[in-house]
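Presented sequentially are two complexes of subunit A, the first with subunit B as partner and the second with subunit C.
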Partner chain A sequence: MLALLLGLHAVLALAAPALGRRLGPRVFLVCALAPGATAAWAATQAAGVLDGSATTQVISWVPGLGLDLALRLDGFALLMVALVSGIGAVIFAYSRWYFSPRPGLGRFAGVLTAFAGSMLGVVLADNLLLIYVFWELTSITSYLLIGFEDEKGSARAAALQAILVTGAGGLAMLAGFVLVGQAAGTYSLSGILADPPGGGVVGAGLVLVLLGACTKSAQVPFHFWLPAAMAAPTPVSAYLHSATMVKAGVYLIARLAPAFAAGHAFWRPLVMGLGVATMLVGGWRALRQHDLKLLLAYGTVSQLGFMVVLVGAGIPELTFAGAALIVAHGLFKAALFMVVGIVDHQAHTRDLRVLSGLGRRMPGVAAVAAVAAASMAGVPLLLGFLSKEAAYEALLHAHLGVGGALALAGVVAGSVLTFAYGARFVLGGFGAGSGQGAGGHDPVGPDVPRPAPAFVVPAALLAVLTVVAGVAPAVVDPLVGGGAGALDPAAGKAHLALWHGFTLTLGLSVLTLAAGALLVVGAGAVERFQGRLAGAPSAVGVYSSALAGLSRLADRVTAVLQNGSLPVYLGVILLTVLALPGLTLLTRTRLPGGIVVGESPLQVVVAGVVLVAAVGAAFAHRRFAAVLFLGGVGYGVAVLFVIQGAPDLALTQLLVETLAVVIFVLVLRHLPERFEPSVWRLGQATRVAVAGGVGVFVAAFSLVAAGARTAEPVSGAYLEQAVPEAGGHNVVNVILVDFRAFDTLGEITVLTVAALGIVSLVQAGRRPQDRA
Partner chain B sequence: MILVLAVLVGVLYAVGTYLLLQRTLTRVVIGLAIMGHGANLLLLLAGGRAGRAPIVDGPGGGAFADPLPQALALTAIVITFGITAFLLALAYRSWLLRSDDEVEDDVEDRRIARLARRHDEARRHDEDDS
Partner chain C sequence: MRVTGRSTRPPQSLILDTCLGAVFHTVLVFSLFLLFAGHNAPGGGFIGGLVAGAAFVLHYVAGGTGQVTRIAPVAPFVLMGSGLTLAVLVGMGALLAGGQLLESGVLSLDVPVLGTVKTTSALPFDVGVYLIVVGLVLAVLGSLGGEADRPADEPEGTGEARAR
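Showing the complex of A and B:
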């Protein structure tokens, strides 16, 4: 069934482009079938899965590589499916109203469906390599979705940035998966978690995996791609860049942390440190944004940092709080993004300096925004408050020493910032006083058209869920508890609660709200302070200079390696031959015994003659002299053939050599008498050195190769069968025309092609005045 | 395992390599032909010691020379001849069109290298400006 649901996504993704031409924006409703069916099926499985019995399905794919289509729906996967498919279906419904009919909409719906399927695959896959495959599929579909408005340069650049950052991280993650998988002896995720391997190699592998997770989940210093990805249409931002894809990294860290956090000393400082830093940087930057969508993007970065702190600790209570935050964040952040989409769609601007009085014009949307933002800020009676309480409570009792105290302080500070930018979002977007027409724009607000009710329903649905779960924690408690229990059985015992009594935790919550309110009141001062800090080095700058440097390096390397000179190319190839097989020959082999100087004195003499002729050919200054030396080499070799017992070869050699000399003479009579003095490109000394090296290599190789005749030669059979089977006495001839006749046919074909080429070169090459 | 032939094969390869690294097409062709001779001898050398010509019921006594490397070398001789003739036709055409037989640099590759240099200069220019 699991594979079937993935298949449904694929089928709808492929069909969407054709459907889109006929249905227009309604194609989204058809595509919503895939996530909708998945969510419905997951709901039917919920009871059993949350009790701890996972649903699995294994289809063998590449058994030799340990690559199976292993799918597994456990509690945590169910929690993620609820987000990916549940919120996914809501977003698809929302998209039907967000988009007006336009070309390419079907393709867009198809890619969005493909993304939903890929993300589903990431959370269902129970094989590291399969996770990687789906992981990269989400990167690719995300690239296509961010760059949907491909006529805009900024969208293309943002898409490229996203895929470069997450793709590079993905490659590192693959290497990490291989290291961990090899150490564990299995690529099965549940198998590895049940019996985690240890050691330095596994540690290195985990760092690489974390690198991949941090790029995907936009952790510092890789956070910059996420705000840039806001170039995507708003439904994409609401789905990929808040509720699902960016949580893939969080998902992976959550899976690994309970098994590996305690065993590796670097894990907690690294993961929790990055998380806190991300939470603070994101919150701080969010306070500076004027674009509502960018504000949310930085807010998402901040919240992702929060989640990483919680799920990355590998401590049961924190894991539970993290699972609660994942659910809460999915609900409120998707709702907030949808609200931004509605504002943008109706008012054609998202600048909070320009918007004014929208709250009175569309009170329903404003209410949704207020509820969602309040949940994000941790206001009581909302789901966000419950998760934040759980986080404070767990961090207070985590016994992590100084690091734990720092993490708690960071999380509280980050939550204060969260309250502040949440208020900035609601007041700026829907308040009355903020729109003073800054930047020379007239305020926009009171006269914008009201949105269609169905356009608001999806966001309102999520807001209602936030309230219901906040007031009655029992609604969502089984999902969170079952999810956390699948990660760490001890985490499943915790429960969400509205009221913990008058504890330190409650004090921290009150402190957060109060300090946040102060930041809101003093917003002007904060902005002035931030303005003074602007210009600090940013991660984007590092990214673009790294990219420019890479391109410069590629230019230079190409200019050096591909300089157009044939002798240089050849020299590089020959030096490689000397360096790799040459070194092996030198170090790994010994000269065989049984070496004789020569078969006969005559052979030595003839070899000497050939040697002299060859050297003469190399250093002759005149063309004719060089050709005559070449002829000398050829005839000498023919004599050597005779001595070696090969009269057929000698005969052929004599004929061919004579013919070759004739052709040489025919061509050379046109060419200058002497060779041009050589242009010293490679240098005479280098040429001689390379040539000498090749000569020594081949000589040594020929001795070793001749000494390697240890097996019975196949030609024994040829000698026996020549007369009875082929009726020939000359075995060489029989091999050529009978035993290996097809080889000879190939050889004749080559000669024919060469002859055709020669004829056409000579004919076509005639100068105009020679014709007629 | 005949030392003198092994040395000769080495020298033929060295001379062939040296000539292949030249820019005159005629020398390149001669280099290829000489390397071809070296390859043929190498094939024969790999067939072991000398012996009686592999002709059943032929004259002489003793063991036969291995006929298989001979068949390979025979093919190689003929193919080398075909390549040599083809390259000579190319040299002839080069002479017809340009009155010499130099192997030029690959124009397209030179263009890429020039582009890289121009990019570098443009960047330096930009940095000077700023």
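Showing the complex of A and C:
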């Protein structure tokens, strides 16, 4: 059933482009069937799965590589499926209203469905290599979705940046998977977690895996691609870049942390340190944004850091709080992004300096935004508050020493910033007083058209869920508890609670709200202070200069290696031959016993002719004469084949020589009649030396190689099996089309590619007006 | 044959043209014979394809690229593409029939006039090879030959430029 649901995504993704032409934006409703069906099916499984019994399905794929299509739905996977498919279905419904009919919409819906399937694969896969495959599929679909408006240069650049950063991290992660998988002796995720391997190699592998997870989940210093990815249409931002894809890294860290955090000393400082840094950087940058969408993007970066701190610690109570935050964040952030989409769609701007009085114009949307932002900020009676309380509580009792205290301080500071930018979002987007009309624009707000009710429903649905779960934690507690329990059985025993009593935790929550409110009141001062710090070095700058440096390096290397001189190319190849196998030959020369100089007088005569022709080719002054001499060499060798009783070889050699002479003649028409003397004085001597050396090497190598046989020749077996196995008496042909047919397939493919190359090279050499 | 290429086309030769009429089809039939006989006697797709290619080369020598284009049934890359497709399909066919990729099977047929004809599934694979080799020769003749047939009195120093 799991594989079937993935297949449904694939089918709808392929069908969407054709459907899109006929249905327009309604194609999203058709595509919503895939995540909708998945969510419904997952709901039917929920009771058993959350109790700890996983649903699995294994289809053998490449057993030799340990690569199985192993799918496993356990509690945590179910929690992620609820996000990927549940919120996915909501986003598809929202997209139907967000997009007006335009070309390419079907393709977009198809890629979005393909992403939903890939992300589903990431969270369901129980094999490291399979996770990698789906992981990269999400990167690729994300690339296509960010670059959807491909007529915009900025969208293309953002898409490229995202795929370069996440792709590089993905490659590191693959290397890490291989190291960990080899050390564990299995690539099964559940197998590795049940019996985690230890040692330095595994540590190195884990660092590489963490690199992949951190690029995907936009942790400092790889966070910059996520705000740039906001070039994508808003449904993509809501779905990929807040609710699901960016949580893939969090998902992986959450899976690995309970098994590895305690055993490797670097794990907690590295993961929790990165998480806290990300939370602070994201929150700080969010306070500076004027674009509502960018504000949310930095907010997502910040929240992802928060999640990494929680799930990365590998401590049961923190894992539980992390699972709660993943759910809460999925609900409130997707709702906030959808609100931005509605504002952008109706008002055609997202600049909070321009927007004014939208709250009075669309009170419903404003209410949704306020609820979601309050949940993000940790206001009581909302789901976000519950997860933040759980996090504070767990960090207070984590016994992590100084590091734990620093983490707690960082998380509290980050939450203060979260409150501040959450308020900035709501007041800036929907408040009355903020629209001062910056940049010469008049304030926009009181007269924008109201959105269609169905456009608001998806976001409102998520906001209602946030409230319901916040007031009655029992609604969401089984999902969070079951999810955390699948990561770490001890984590499953925790529960979300509305009221812990008058504890230090409550004090911290009050402190957060109070400090956040102060930041909101003093927003002007904060902004001025940030403006003064604006010159600080940024990760984007490092990224662009690294990219530019890579281009320059590639230019230089290409200029040296591909300098366009045929003598240099040939020289490099031949000198390599002399240096590597040639030197080996010198050190271990062992001539075979019983060298036969010739078997018949005819062979000696023909060999003499070949030698004369070869010398003639080397000394000829005219190109045409040299070609004819070369042809003589070829025909002589063909005669030698005939004498040895190899008609197929001889026939092929004759034909190839004939065609080669003709083709040479075709080319020679455009070359001067005579070879021009070498410009460089030493050139001639060098060429003679290289050519002579290679000649001696090849001759010696043939002799030595013939004497180096240790295994039985395959020719005997081929001769025996040609008739019974392949029904052919001509063993040469049987080898070509049967025994080694795969080689032949490769060779004819190369022939085709070579022909394409020749034709395009000749075309490229022509002047434009001559091109056909 | 002039090699300096100062004329726009190779000179037409009456003797060559006349002989060609008789030789061309004979060579093509011979190439098909080599193709089909290849499994048990010298020959095969590669050799057959080269022989057929040589037949087209004769046409090129007699009348240049234009004549080859006129006489060749389809564009070179159509030949190469269908050859490659055929070879891959044959290989996949073995997979579908429950064998390994590119495994061949033997087929015996009783044809009324010819008697018992034995063939193998390697034959269509070899036909693919044949088509690709013919296509390659035609592609080279069309591009390099076409290049050589163009008026050579161009101002650009093509000789030096291409020699390097």
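Here are a few things to note about the model shown:
In this section, the second predicted complex is superposed on the first by the 582 of 772 C-alpha atoms of A that agree within 3 Å, B and C clash if a C-alpha of one lies under 4 Å from a C-alpha of the other, contacts with A are read in each partner's own complex, and residues count from 1 in each chain.
Quick note on the criterion: a residue touches a chain if its C-beta (ideal position, glycine included) is under 8 Å from a C-beta of that chain, and two chains touch if they have at least 3 such contacts.
Model, not experiment: these values are computed from the prediction.
Once chain A of one complex is fitted onto chain A of the other, the partner contacts of A:634 are limited to subunit B, with no touch recorded for subunit C. When the two structures are aligned on the shared chain, A:412 is found in touch with neither subunit B nor subunit C.
Of the two partner chains placed around the shared chain by superposition, neither subunit B nor subunit C is touched by A:304.
Once the two complexes are overlaid on the shared chain, A:676 sits against subunit B and subunit C alike.
When subunit B and subunit C are set side by side, the one touching more residues of subunit A is B. Once chain A of one complex is fitted onto chain A of the other, the partner contacts of A:763 are limited to subunit C, with no touch recorded for subunit B.
In the superposition on chain A, A:610 makes contact with subunit B only, while subunit C stays out of contact range.
By the document's definition of touching, of the two partners only subunit C reaches A:662; subunit B does not. By the touch criterion stated above, A:749 is placed in contact with subunit C alone, subunit B being left untouched.
In the superposed pair of complexes, A:737 makes contact with subunit C only, with no contact to subunit B. Residues 564-566, 647-648, 652, 656, 659, 663, 667-668, 670-672, 676, 729-730, 732, 736, 744, 751, 754-755, 758, 762, 765-767 of subunit A are contacted both by subunit B in one complex and by subunit C in the other. Against subunit A, in their complex, subunit C makes its touches with residues 1, 3-5, 38-47, 50-51, 53-54, 57, 60-61, 76-77, 80-81, 83-84, 87-88, 91, 101-104, 106, 118, 120, 122, 125-126, 128-129, 132-133, 135-137, 139-148, 150, 152, 156, 158-160, 162-164.
The touching residues of subunit A, when paired with subunit C in their complex, are 564-566, 624, 647-648, 651-652, 655-656, 658-659, 662-663, 665-673, 676, 726-730, 732-734, 736-738, 741-742, 744-745, 748-749, 751-752, 754-756, 758-759, 762-763, 765-767, 770. Against subunit B, in their complex, subunit A makes its touches with residues 552, 555-556, 558-559, 562-567, 570-571, 574, 592, 594-599, 603-604, 607, 610-611, 614-615, 617-618, 623, 626-627, 630, 633-634, 637, 640-641, 643-649, 652-653, 656, 659-660, 663-664, 667-668, 670-672, 675-676, 678-679, 681-682, 687-688, 690-692, 694-700, 702-703, 705-707, 709, 713-715, 718-719, 722-723, 729-732, 735-736, 740, 743-744, 747, 750-751, 754-755, 757-758, 761-762, 764-767. Taken in their complex, subunit B has these residues touching subunit A: 1-15, 17-24, 26-27, 30, 33-34, 37-38, 40-42, 44-46, 48-58, 64-68, 70-71, 73-75, 77-86, 88-93, 95-97, 100-103, 105-110, 112-113, 115-117, 119-120, 123.
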